[in-house]
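Once you scroll down, you'll see the structures, which are given as structure tokens.
Heads up, the next two complexes both have subunit A, just with different partners, subunit B and then subunit C.
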Partner chain A sequence: MRRSARAPGWTATAYAFAAILTVLAIGPALWLVVGAFQSPEAELNTLSGPWTLANFREAWREGGLAAAATNSVIVTLARAGLNVLLAALAAYPLARLSFRGRNTVFLLVLATTMIPEQVIVVPMFKIAAGLGLYDSLAGAVIPFSVSAFGIFLCRQAFLAIPQDLEEAAWIDGAGSLRIWWSVMLPLATPSLALLALFSVIGAWSDLLWPLVILQSEDNFTLPVAINRMLGVFATNPRVAYAASVLAVVPIIVFFLTVQRWLRPELFGGAVKG
Partner chain B sequence: MTSQTLHRPWTPWLFLLPALLVLGVFFVGSAAQVVAFSFTRYSAFRNPEFVGLQNYTTLLSDRIFWSAILNSFLYLLVTPALIALSLTAALVVDSGIRAGKPLRLLLFLPVVTPTIVAAVAWRLVLNEDSGLLNQLLTFLFGWAGLHEIRWLTEHPFTLFSAMMVTAWKGFGFYMMIFLAGLMQVPASTREAAAIDGAGPVGTLLHVTLPALRPTIALIAVISSISALKVFDELFVTVRGVPANQQTAVPYIYDLAFEQGAFGAACAAGVVLFCIILVFSLINLRLSAGREA
Partner chain C sequence: MNLHRAIIAGVLIATALAAGSCTRSDEHQTTIELWTLSLRPTFTEYVQGVIQAFEDEHPGVRVTWVDVPFAAVERKLIAAAAAGRAPDVVNLSDLMFARFAGAGAFLDLTDRLPDDPASRYHAGALAVGRLGDGLYALPWYLTTQARIFNTALLEQNGMDPSSVATTWPELRDQASAYHARTGQILFTQPLGQDSQLPVMMLADGLIPFTTDADGTLRADLTRPEIVSWTTDWVDLYRRQALPRQAATNGFEHLIEVYQDERVAVLNTGANFLGRIRGASPRVYEQTEVSAPIVGSLGRAHIAVMPICVSRTTRHPDLAAELAWFLTSPENQLAFCRLAPILPSTPASLSDPFFAGPTIEEEATGDAKIGQARAIVATALSDGVAFTPALECWPTLRRAFNENIKRALLSDASIRGVLADIERDWNQILNETDRQRSVAGSPPLSIEAIPTPPPAGASR
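Up next is the complex of A and B:
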């Protein structure tokens, strides 16, 4: 959207704001990178050396970072994969099949968005523990393997698909599962990709639930491990800085790879409801 | 309706089953239990025992609980900051400058950053002795005796510190919603205003901002709901501060998982739920308005 008539100085103002916002957005993270590469005797919040990789080694060896990174990858992939799969499955009948109770089910699903995880964390912990999920990666995954938001997003996408495509497949003798897989899913790719993107970002960042459900260090995800390091290495916070840098790099790389799916117009629909 | 009334009667339920199972057990089940447990004395070491409203009366006379609720309301101050930042960002990205697209990507990076990493980075920036922010304040206002604000230990600065992390991590997300909103403002309307002689500032004030009013309302509500649910930012950025400097969710976490008082934590959860519900209902009304 390019404005045809632009007053002089307008562009300069925009660039000045752009520069300030850029510094604000990446400044703190870059400063953390500086801190992570400084040796423990260097003064905090300076640009002086000596520079070292020792913090990374320490985080890797003593902080259990290798295990935490593996766990985070497993939990994140499982959560994102299940979120897309279960939401896309549930959204199909809600968008396209007629059956008794459809509206009730949809309203109930929407109602769960009104229940914040933070409010119900205690009973959720007891239920998960009762199912044998305490201190297991499955426990970090299963309760958050689907969300009402995801179902809503997929339903919106399916509703936008023209019905005659489906009818053609139906006449060709395709069953519901077949139509879901080969007609609905391919045509809903932008929304499914956005859901996957949100799920990956959310799962990679999640602290509260893994903190509650994971007990042994071998099972920690990256945020829980970094939280532990802040306590254990209180005298050398640079270990936690190094771990934080290592935790942010994969997600940035992931995001830059899939960023073409991040389109503002999808956000309009995504936040409704 | 659709041609698909031909499907078998249980087909829809097979599609729905996995999702309903997870939501039913973990969300609906927990929601029911949080209410039930709130009326019991229940700890990590004993089974629930019905005590009526005792948890609630104890909470009401607990000063720490009240300060947690008060701090949660104070935390809503992050909402105007978020709106200002994200709206500015959206207007700059949408201003027609050539760097618009890369800037949009760049400003989204904090959204992708795990909250704990954001918190650790800001702990460094907010370090009381050497942090960049205190250095900057000393440089700018040192002559007025302003330096070394206790960002990580002293109330209410600890709240502001956590809010900075929330604002930093969140504004790129709301920027995208504003950009979606800006797409609804037809370029032709803005061009017409420009042709009518409105300068960029005039167009902004009289055309763009009024058209964005529904988006601003929406973001105000959803960012308020997130603010009431804040945990990571306080738990990590200002870790170890006394209980009376915490907001509601860290308070609940502490009550349940440090002190083992499950029943009382559930009662506090129910109170927080009621507060959030008010905002959720406003959100529903706004959504209904948009659909109409």
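Up next is the complex of A and C:
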């Protein structure tokens, strides 16, 4: 018996529900973009003009966004890069090498994901300040240079790589580090790219830690600089909106660039079955 | 270059750049660190000017100024103090000050000031910095409130703008009648999150504390007059004569509902006028400003921004001197010319600037801001900081907020909720007394509760 076509009422409801979710998801962002282009004469609670680019100019000039953007690029590259490198390095033995307590170590690493950042800010600050990292970009990078989530992601990616490939390299005389570098990393590229993407987004938009560890205006990252524009005496939120829009653009560009590596089928068919 | 080689190269370059940014301190000068709240970039020039003047008067002294966003200062200060890097001088809100002062974070300034602070500062504002026998903060700038109303909206709903009540009990009745007649909402006030009910209670002359026979400070929220007073406010909310956000949101909802014309009246700081102008020029045009809404005592509430000196500073006298310098009448007057704030030094108020709009304000269409300034400056003379000088006041307020939300958002018995708050408050007061006892400080006293006589009457 042929399955009956879905009732038109059901489809309409599903579309309406999807539309509501879409509005909820992108509505605030859309509002932000519209507000960024509104001139001071416009009503902020409407989506109408007059329009201007002056908010962007003011945000760039008054907010010191050029220096903040440079700092953000440095912090983000360092944090994301270290995250990928160190997580991949830590995940390999947890996935493939046999040693006593391997599962316990892995569980301990996973357990750290349960602790909110806010809770560890004070002890982390104490350690960072003790290492002379206070008010430095290195201080914004090093405490977040590896994440438990990254280790988990890389471990799962390494576990999915066929053992035969590793054994073939082993027979060819490669050591553990060589196998990690020449076999595992290239084959885990989609997961590494995904981790890089998450790390970049996390580092680029992180506010709490840079706010605590950075002090000099010269060292501010973009979120800290933008946060400052929403002070108690600020009267034109459109400038802060414009700054936020400017801050989002590099993330979108990065996503478009990195998405070509996000291919799960990269190592499919490497081993004859 | 493949991906993982690119990553390695990027990491090395970025890490080298990040590591290169480590700061080096200057060992050849006496350095004082000053933290302010959300003053950059608007007042950068002013603060740098004051710092320069201080440094000129004190050769060999360098002041490092750090401006911290309002929302981050508590976390940043806790982290800095834990790492032994607390600033020498720090500006906080009155509630934050009480919390840190209670933990012994600040220095007693009583014997470190060049002159009698009582002759320099507004008495009500200075009282905020007193805990027990010590003076742990100097009052910097103040804000008090003005009645802001949308004349067009009121007229559209058949209400004469000049008839808007000037006291909370009258406004409550007016809001009830307005809602019954038009279905509209007259005003809003945070009652749940950042609840203003404890402050309004004190401003109405109701003291939610009492003392035991041995002088121990106890909560007293279940006596009939406080139950009846609270019931009137909760009932107003339950009848939907206040917006939903009055229970769930703090001060940030005031501008939102006012600019959307969902309410016609606000009692808020004059600095909100600038934000209304920024968000909705049309509503700003329709807005007028008048004397603040006050409690039955006829006294406006003052919010104080205290300046404190860290107990761990290596330069206590110099730090106290900087706090004194920053809060001088001259420096405060210059600051008030730039920001919608009031000085804590009555001497500054005699300046014509506080008499009404300046010529520039008239010329640029900002006369309303000048009028608001004159109104709040007048209200300041009778104003009182209805902020008890108790280090546990922020904790008491938090316990109040959590419980009163339950009364607002459900049909819970108001007396029952107040009994719960009373129980929580007594636990907090007991714990504070225990901590004081360990520290060798005198117990909490009812003297810490502001109980001014009605405006116009002598104490």
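The rule is short, and it goes like this: the second predicted complex is superposed on the first by the 234 of 273 C-alpha atoms of A that agree within 3 Å, B and C clash if a C-alpha of one lies under 4 Å from a C-alpha of the other, contacts with A are read in each partner's own complex, and residues count from 1 in each chain.
The working rule: a residue touches a chain if its C-beta (ideal position, glycine included) is under 8 Å from a C-beta of that chain, and two chains touch if they have at least 3 such contacts.
Bear in mind the structure is a predicted one, so any value in this text is a computation, not a measurement.
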Clash or fit (per the criteria above) of subunit B with subunit C on subunit A: clash
Contacts of A:Ala66 with subunit B and subunit C, given as first, second, both or neither: neither
First (subunit B), second (subunit C), both or neither touched by A:Val105: first
Between subunit B and subunit C, more extensive residue contact with subunit A: B
First, second, both or neither for A:Thr22, with subunit B first and subunit C second: first
Which of subunit B and subunit C A:Leu44 touches, first, second, both or neither: both
Touching partner for A:Ala168 - first (subunit B), second (subunit C), both, neither: neither
Partner chain in contact with A:Val253 - subunit B first, subunit C second, else both or neither: neither
Touched partner set for A:Ser176, first subunit B, second subunit C, both or neither: first
First (subunit B), second (subunit C), both or neither touched by A:Val212: both
Touching partner for A:Val122 - first (subunit B), second (subunit C), both, neither: both
Clash with subunit B, by subunit C stretch, listed 256-264, 328-336 or 346-354: 256-264
Contacts on subunit A seen with subunit B and repeated with subunit C across the two complexes: 43-45, 118, 121-123, 125-126, 208, 212, 227, 230-231, 237
Partner subunit A, residues of subunit B touching it in the complex: 1-7, 9, 11-13, 15-16, 18-20, 22-23, 25-31, 33-34, 37, 85, 88-89, 92, 94-97, 99, 103-118, 120-125, 127, 129-132, 135, 168, 172, 176-177, 179-184, 187, 190-191, 194-195, 199-200, 218, 222, 225, 229, 231-232, 235-236, 239, 249, 252-253, 256-257, 262, 265-266, 269-270, 272-273, 276-277, 280, 287, 290-291
Subunit C-touching residues of subunit A, taken from the complex the two chains share: 40-45, 62-64, 71, 73-78, 81-82, 84-85, 118, 121-123, 125-126, 129-130, 132-138, 140-141, 181, 185-186, 189, 192-193, 196, 208, 211-212, 215-217, 219, 227-238, 261
Interfacial residue positions of subunit A with respect to subunit B in the complex: 1-7, 10-11, 14-15, 17-18, 21-22, 24-26, 28-29, 31-32, 35, 43-46, 86-87, 89-90, 92-94, 96-99, 102, 105, 108-109, 112-128, 131, 142-143, 145-146, 148, 151, 163, 166-167, 170, 176, 180, 201, 204-205, 207-208, 212, 222-223, 226-227, 230-231, 237, 240-241, 244-245, 247-248, 251-252, 255-256, 259, 262, 264-268, 271-273
Interface residues, subunit C side, partner subunit A - complex: 2-4, 7-8, 10-11, 13-15, 17-19, 21-23, 37-43, 66-67, 69-72, 75-76, 78-80, 82-85, 259-260, 271, 274-275, 277-282, 339-340
